[in-house]
Every structure is written in structure tokens, then in C-alpha cells.
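One structure, as C-alpha cells, below. Some questions next.
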Amino acid sequence: MNDVAADKSKGRPKLGPGPAGWQRKWYEVIFEHDTPAGRWFDVWLLVVIVVSVVAVMLESIRYKDAPEAWYDTWRAVEWIITGLFTLEFAARLACVNRPGRYVFSFFGVVDLVSLLPSYLMILIPGAQSLATIRTVRLLRVFRILKLAHHVREGQGWLLALKHTWPKITVFISVIVCTIIILGSVMYLVETDADSGFDNIPVSVYWAIVTMTTVGYGDIAPVTPLGKTIASLVMLLGYAIIIVPTGLFSAEVMKQRALRGTERSCPRCAFNTADDGAQYCSRCGERLGALQPTGTPQADA
Amino acid sequence: MNDVAADKSKGRPKLGPGPAGWQRKWYEVIFEHDTPAGRWFDVWLLVVIVVSVVAVMLESIRYKDAPEAWYDTWRAVEWIITGLFTLEFAARLACVNRPGRYVFSFFGVVDLVSLLPSYLMILIPGAQSLATIRTVRLLRVFRILKLAHHVREGQGWLLALKHTWPKITVFISVIVCTIIILGSVMYLVETDADSGFDNIPVSVYWAIVTMTTVGYGDIAPVTPLGKTIASLVMLLGYAIIIVPTGLFSAEVMKQRALRGTERSCPRCAFNTADDGAQYCSRCGERLGALQPTGTPQADA
Amino acid sequence: MNDVAADKSKGRPKLGPGPAGWQRKWYEVIFEHDTPAGRWFDVWLLVVIVVSVVAVMLESIRYKDAPEAWYDTWRAVEWIITGLFTLEFAARLACVNRPGRYVFSFFGVVDLVSLLPSYLMILIPGAQSLATIRTVRLLRVFRILKLAHHVREGQGWLLALKHTWPKITVFISVIVCTIIILGSVMYLVETDADSGFDNIPVSVYWAIVTMTTVGYGDIAPVTPLGKTIASLVMLLGYAIIIVPTGLFSAEVMKQRALRGTERSCPRCAFNTADDGAQYCSRCGERLGALQPTGTPQADA
Amino acid sequence: MNDVAADKSKGRPKLGPGPAGWQRKWYEVIFEHDTPAGRWFDVWLLVVIVVSVVAVMLESIRYKDAPEAWYDTWRAVEWIITGLFTLEFAARLACVNRPGRYVFSFFGVVDLVSLLPSYLMILIPGAQSLATIRTVRLLRVFRILKLAHHVREGQGWLLALKHTWPKITVFISVIVCTIIILGSVMYLVETDADSGFDNIPVSVYWAIVTMTTVGYGDIAPVTPLGKTIASLVMLLGYAIIIVPTGLFSAEVMKQRALRGTERSCPRCAFNTADDGAQYCSRCGERLGALQPTGTPQADA
């Protein structure tokens, strides 16, 4: 299956190759991943993406006091890559049956955003800051990863995450409220100690830094009461991590458990979870074939 | 079901609407969440709460050197919101059948505490610090969340948490004792190194900061022995997180297992969670086929 | 069962009450926890322990520049508590059948160590530092906790921990070696940057601080290469926490699974895990009574 | 089984003892672990390794301003150990049937690398830095650990890790991209605030320090927007740890379930993990009673 189609798998008509033969061929190479040519294309695309991001990162290193040489090197690399991406973008537009839809598909936008900064930086002089935006090119990696074997596996935990999400949402909303209230309390307690708790937003920032056990130390309580409350915040933050972990572990287990339980014994109605079972393990009756995988349950 | 009733669900008579028709109507809108009007009310209440808390937070930003304009803006917002909350509070009192019980219900108190500071700040001059207390308004969010679909789901992990609690309590008491003893040891070791371990409480604070892996760095051991002990404390803190996580994960699994694929015995109505059961384990009656997965019970 | 006996539960003869009637009565009150008097004694003992530890902690606060008043207060409290503990210790010695064995039992030693510092501080002048040791009194709390309902539950995770231990040991030994090697590498890389990596032990200390995600920041890499390696150390430390967590969660689940599986159906040999089952859920045969709980498996 | 063979267990012919009788005897002692002599050898090897690594670490402590005495002590220890390792290496070469293959086996290389630095430090004057490399000797510990009982247990989680790996890989690649993009954003936001975000690589380093909740504090955002984004990074880092944990826990559970209480079919020898199975799910044969729990398989 091609990845753009995956994007569209919400009942809308698929994005496919154009009518002409060369379009179908190009489409296969550029959008699909099943043919050797397609895979070869993906590998090289991946290489170029990584190189381009590394270039962006290195270019930034001496951004302020750049010896021209260093600077120009990465500029050159940048322009070669931009050229390649432009050609690729054109090719994608050329071989697809609905260019408009492609441009406005998720990956279409990403492709465009990967190109624009380089061009804008010529047109608009002071647009150096745009250089950084080019790291969004990394998102293009996912188009390639998408087809890799392990993503199909990955869908299991994505599903589990989806199922756990509502619970985790409640959980997070509780945390957020707790953080804000605790931050306000610390603001009350520490505001006179001049220890960095200058206002509620900053105190909330401190509460997040502490609860997530990051603990920069740029803001830290100095009053005994402040330290006592901080201790509670830490223990709280240390403790609550277990709740979503437990929920998610259990969810993954459930996904696993659901996998394959679609087969009931025609005689004793016992549901087996064993993919390879050929006879009911309860009454010895012969079982039907396993349902086609790819059903939501079987993705776990 | 209305949320105040949920609060009261300990055998005590419910808090319901008053006798008059307008009371019943208002009650439906203000306290219940099933009607479109009720949901509409909830959404707007949520908006106002969030706005009010944001106002409190922003107001605090230049608390010390506030340009009047900025200050007055938030003051105005504050008074509008206080007005709205006052009207709401009055309406709740008016339409409920037991105003007294409502006022002393959890959410009644929260509603009151959300109002008082603003009024007290006029009466008592130097009560600026009360401004912060208004963030408790966030608690009112939970009344609205309460009805959301995912809270019903959430009760699964609440139950799991309740079941794990005793074990986690023992666990925590062990940790607390360990922390205090380790803190004292570090005080003994580092007290002469002038590295911030000035007294046992501070050392205990350090132990908590370290064990929870927050690690501000405002207090850090400098002596070789101190660093060695600190390393043990860190590894300990890093290791022990696994115990409550394991307990809780297992508990969630158990909750799931108990509610996963239940079937009732046609004779004694005993619910079994055993997929393979063919006879009721209570009365020996033969059981029917397994229910289709995806029943509300399976969502727990 | 009395707690000292629990200590001795390695085939050795129990520590019991003396022959005289008053000894048996005292023993019941002091060592056992089943009688109202025994529980009353435990509660008060707990209170005294907590008070004594708080006293030790507060006494330390102005250790250096103590206003006599503050200092004397805690001294007084200290002496009252020491008196009480001395009486208790004498009473334990008096009513037990093997005083020698009690003194050398774990809790006997703890009791003694709780007393000695106070007395030594008179005999030896400069023994102030001993004051801190008194926090070991907290260990006495466990004697009392021991009988609490939730400890019996707790034994489940202790068992799970015991079962996971060998695996976690291998795991830890791998981590330790990794930490030492990584620490040495960082020493090599950062030694010239004067960023605190002065020798291998300190670098290993840094590696521990980083891997456990504590991150004080007192030692931090400054060279690009150092920062790169540090990033790997962090990601490693962040990742490996999942291994023991997974092992332990699974172990707890197993303990849970083992619970109650002692009953086999006399006809079809199906093992049920349902404590309340009265009929085999496979063949409908009547089942025997559940085995007495308190067997190692049932403690999970 | 001998460990080198374990290395070679990829279809290639085993590394075994030489033909002569003394070779077979030596081989048993040096390479195998089943005989008392072999175990005795392992224990002493372990002791020497630990001593040597401790020596390397202590030697580094006063590396810069070393009093000759201290320095010479560790030098002496070092040379004794190097001598022992040289003899051991010679012995291993002598008694093995394929010396070449041994030298290039994983542990052969480790053995060699453990020796070379000491010798190179005489030949090359300024090769002091090589001293640190000697800590790789720790890797030799694993050869000994390899045979320990608990490693065989350990293989359970290794298997689980292997199974979870693909999913965790996708997961990590997503994290890496997120970290790079977030780092770039922070560079954009904080670059003018002179708060340490000097270039993208450094910002990415910060993102890793923050996401893994290490939080040194050497680089921390100062702008309100920077702090807001940082908060999201922290919460994200705090949240995502649950995904691999859940995956791995579930995987360990699965491993356990698959190997937990297996019974073989008397006809087709298929192992079932289903406690309730009464008929083989492969050939329909009737199965015997459940095996007693606590079989080696159940320890996995």
C-alpha cells in the first residue's frame, strides 16, 4: 500500500498514479516501497535528509562569528540538497493523479516546508532564522519509516496508546491543576525569599521542572516551609509516574490478549487465544481457520 | 447522574432539585450534564474558570512594579468573573433542595472559596496575598470533568490505586525511614565540608531531592565518602521506582481481568471472568458462550 | 505470631515468654500485638519513637550556634525519651525467656543502639556526633509495622522482589561495569577541559549522577565530544529503567497468578485460580475447600 | 558448555581444547566452569580483575600531582596484574585447538586489549592516557558471569528485550527526530537571550538533558516562551517513558505466559501454555493433568 493512501484512509478516494505509463512507473518508484527501485529511492532519500539536517545543525555552530569558509561549505551543501528536493517535489507533482491533493496532504506540506526556507532566504535578506525551520525535513523520515516492518508492529502500541489516551488525559488534567495550585502556593511561600519565585507562571514552571524530576536548580526553595512543600512536590512527581505506566502496560497486555481471540469453538463456544490452534482445547472439536489478520484486534 | 449525588453516594439522601418547576429546570442546567443546556452551561463555566485562573497568573507577573494599566486590566477581568461566579453560586443555592447541604458539600466549599478572596481583598487592605488562593478555582474543573466519558473509564485505575494503596503505604513508610537515616548519615559525613549539609532536616531534604532524581544541585556532596554514599542513594532511588510501578501495573491488570470478559451464571447470576469456564464455579450450572468482547465492562 | 519469633523462623527454637505468669503477661503486651494492651503499647511506642527522631532532627538545626534555651529543650526531651526506652529495654529483658538471644536478635541490637548514644555522650565529651546515630530508632518502627495488616499484603511484593533479585543482580552488574567504563571514557575526554572530571572515581560519580537522571550539574561536560557521550549516557540511563520495571511487574503478576492455583479438580485435574470457586469451571465437579491461606504462594 | 562456543553458536565449528591430554585438562580449568578447578579459577580471575580496575581508578586520582609513593604502589600492582594476565593469555593460547580463532573471538580481543596498554606505556612515553583503557578489563567479568545460574534466568528478559527491540527502535527514532526539532525551536527562541543556546547541537544537547529528566541546569531557558516550550519538553519526556516500559512489561509477561505452565501433547509433542486445555490444540489428543508449578520453565 502506498503511504499517501494511508494518509487518506478515511473513506476519501485514494491518491494514485496518473494515467500515463511513465507516471505509473515513477509513482511506483517515488511513492511506493515494494519494488527494488522504490526501496533504493527511499534509502537515498533518507541519506539526503540526514545529510541536510546535519548540514543545518553544523551551519548553526558558528552562526555569529563564522569564518566564511565554514559558512560557504554548508551553504553549498544546502543548495545541492535544496536542488535535489526541488527535483523530487516536481517529480512527485508530475506523476501523481491529483497534484492538488498531494500538495495539501500532510507529507506534501512537509515537502514544501522543506524547500521554502532556502528560497525565502534569498528573497528576504534577514531571514536567516528560517534556516532552522529546515530541520522539519526530519518529518520526511517518517514517510520512509512508515513502510518499515517494525512500524506495522508499532501499530500495536499506537493502538494501546489510543486506548489509554482518555484515561491519561484525565490524569494529565489532574496533574496540570495540581501543578498550577502547587506553583501558586510556592509563590506565596517563597515570594519574599527572593529565591526566583517572582510570579505564579515562574512558580508553575518550577513546579513542572520539579514534578518531572528534571530539577535544573535555577529556581530552588530556600525557606524551610518552601523546602517542605518542595519535598512533597518531588515525592508526588516521583509517585505519579506509576499511574500512566500501569495503565499503559495493562493496555498493551489487553491488546495482546485480544489478539486472536476471534475464534470460538463451534461446539463448546470456548474462545481460544492461540493463533495456531486447530482443535478446541476444551472439547477437542476441530476449529475453523484463523480470521484474516489486520482486523483492529489483530494489530496488537 | 448528577455530580453532587455522586459526592453523597455513601448511603446519605441525595442532593436534588427543589420542588418548584423552575428549580427543577435550573437544576438540570446547572448541576446535571445530560441535557444540551447542561452541557452548554458546563462548557461556558469551564471557559470562565480557565480565563479567571489565567488572569490570576498574569496579574501576579508584575506584582511588585505594576504599571497601573496592566494591573487595572486584570482587576477588571477579575471583578467580572467574580460577578459571574457570584450569580452562579446564588443560582445553585436557589435551585437546590438542601442549600445547607450543598454549601458544605465538597464542591460547595470550593465554589465559596473561589469567591471569598475577591471580596476579602476589599474589606481587608493588605490581603493581596489572598489573590493567589483564587487558583483553587481550578478544582471546579473536576466537577465538569466528572461527567466526561473518560472519567467513568478512569474509575478503573482509581480502583486499582485504591487496591494498591496499602502496599504502597508500607513501601512509602520504608522509603521515608530510609531517607531520614540516609540524610542523617550524610549530615555526619558532610557537616564539616561546608557543602550545604548544615543540619539533619536540610540533609533529609537533600536525600529527597536526590532519591526522587530531581537533583537541583544546590546541595551536593564534596567529600569522597559523601559522594560514595550519594551514589548509593541515587541508585537506590533509581531502583525503587520499579516496586510501586510493578504493584500498580499488576493491580490494573487484575482489575481488567476481573471485569474483562464476564459472563453471568443463568442460575446464580455469579459473574465469572474465566474465558474457559463452561460451568458456573458457584452453583455448577452450565454457562453460555462468551459475550462479544468490547462490552462496557471490557473498557475498565 | 510474635515478631522476634519471625526473626528466628529459620528452624531455631523460638524466643518466647519466661515461665512466670507476670512474664507471660508482660510478654503479651510488649512483644505481641494481638491483645488490646499490646496494640495500645505499640501505638505509644510509635509515638515516642517519632517524637524522639523529630527531637534529634530539630536539635541538629542550630547545632553550631545554639541559643541555650533551644538546645536545652531538646536535651530534656532527649533524656525523657532515653529514660522511657531504657525502661522498655529492661522490661523486654525481664519478661523474655532467653534474654541473651533477644539482645543479639536484630531488634534487640536496634533497641540497644537506640539507647547507647545518649549515655556515651555523657561519658565521652566530644561524642556529639553520636547524636545523629539515634535516628536509627526509626528502625524500631518496622517492628510495629510488621504486624500491620498491609504488611501481610506487602509480603507479596517482597516475594516478587526476591524472585526478581537474581535477574536484577545481573542487570545491575552490567550497569555497574557500563558506568565505570563510561566514567573512564569521560575522564579521558574531559580531563583537559577542567570541567570537574579530575579523576576516574569522580567521573564514575558523574556517570552515576547522570545515568540515574539526578543531574546535579556540579560536574557537566563542556567539550562537544563530551556532550555527545553524555547524551548517550543519559539516553541509556533513561532507557534501562524499563528493564527492571518490566521484570518486576511481570513477577508481581506471576505471584498473583500463583495465588489460589492450589486447587485441582478431582475429576478433570483443571487448576482453578478462583478463590471462591465451589465447582470446577471445566467439568462441573464439586471442588474441595480452599487451602489455608498463609502458604507462601497465597501471600502474593 | 564453554563460553567461547557460546560466542560461536552461529553454525560455525566450535572452539575446543587441543588434542593433547594436558590441553584438555587446562582447557577444562581455564575455559569451562563446571569443574571445581574451573570454578576456583573463575573466582580468582574475578578477584584479579576487580583489583586491577580498582588500581587503575585509584592511580588516576592524583594523576597530576602524584606523590611518587602513591604512584609507584599502583604501578607495582599494575605490573603484577599485567604479568598474571599475560600468563593467563599464554595459557589460553596454548590449550585451545584454534589459537587464531580464539584471539579474534570477542573475549580474545578483550583479553588482548587488557594487556596491551601496560606494554605500550613503556614503549611509547606519552601514552599515559592509555592507562584508562585498561578499565575494559571489566568486560572480562561477563565471561565469568556468563555461566552463573542467574544468567540462564536472565535470558528470559534478554529474549523479551529482543522481541521489544523493533518497536523500541521506531519509538527511539521518533524521539530523536522530536528532540532535534525541539532543540532547533529552542535555539530559535533563546538564541538572543544568551542563555547557553548558542547553536543547534547545543540546543539538542539541552533537549536530551531535559527530556531524560537529567536537568543539569548548565543550560536553562530564561525567556517566558522558552520556559513554556521547555515545560512541554519536560512533560513530554516525563510521559514517554511509559511507552517502552509498557511494551517491555507486556513482552516479559508474554515470555512468561509462553513458558509458564507448559504441557506437552503425548501424541504430537506440541507444548501448550493454556492451563485449561484438556485437548491438544494441534492434534486433538487428550492432555494429562497440569504439571506441578515451579518447573524450570516457569522460572523464565
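Chains: A, B, C and D, in written order; residue numbering restarts at 1 for each.
Operating definition for what follows: contacts are C-beta pairs under 8 Å (C-beta built on N, C-alpha and C of every residue); 3 or more make two chains touch, one makes a residue touch a chain.
The chain lineup, named per UniProt: A, B, C, D = Ion transporter.
Bear in mind the structure is a predicted one, so any value in this text is a computation, not a measurement.
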So the chain most remote from chain A (Ion transporter) by C-alpha centre is C
Across the interface between the identical copies chain A (Ion transporter) and chain B (Ion transporter), with over half of residue numbers shared counting as same and under half as different, the residues used are different
Chain B (Ion transporter) and chain D (Ion transporter) have mean C-alpha positions lying a whole-number Å distance apart equal to 41
Distance between the CA centroids of chain C (Ion transporter) and chain D (Ion transporter) (whole Å) is 29
Note: chain A (Ion transporter) residues in touch with at least two other chains are 201, 213-217, 241, 245, 249, 253, 273, 282
Contacts from chain C (Ion transporter) onto chain B (Ion transporter) in the complex sit at residues 53, 56-58, 60-63, 129, 132-133, 135-136, 138-139, 141-142, 145, 148-151, 153-154, 156-157, 160-161, 168, 172, 201-202, 205, 208-209, 211-218, 241, 244-245, 248-249, 251-253, 256, 272, 274, 276-284, 286-287
The answer for chain A (Ion transporter) against chain C (Ion transporter) in the complex is residues 213-217, 245, 249, 282
Contacts from chain C (Ion transporter) onto chain D (Ion transporter) in the complex sit at residues 166-167, 169-171, 173-174, 177, 180-181, 184-185, 187-188, 191, 199-201, 204, 210, 213-217, 220, 224, 227-228, 230-231, 234-235, 237-239, 241-243, 245-247, 249-250, 253-254, 257-258, 261, 264, 268-271, 273, 282
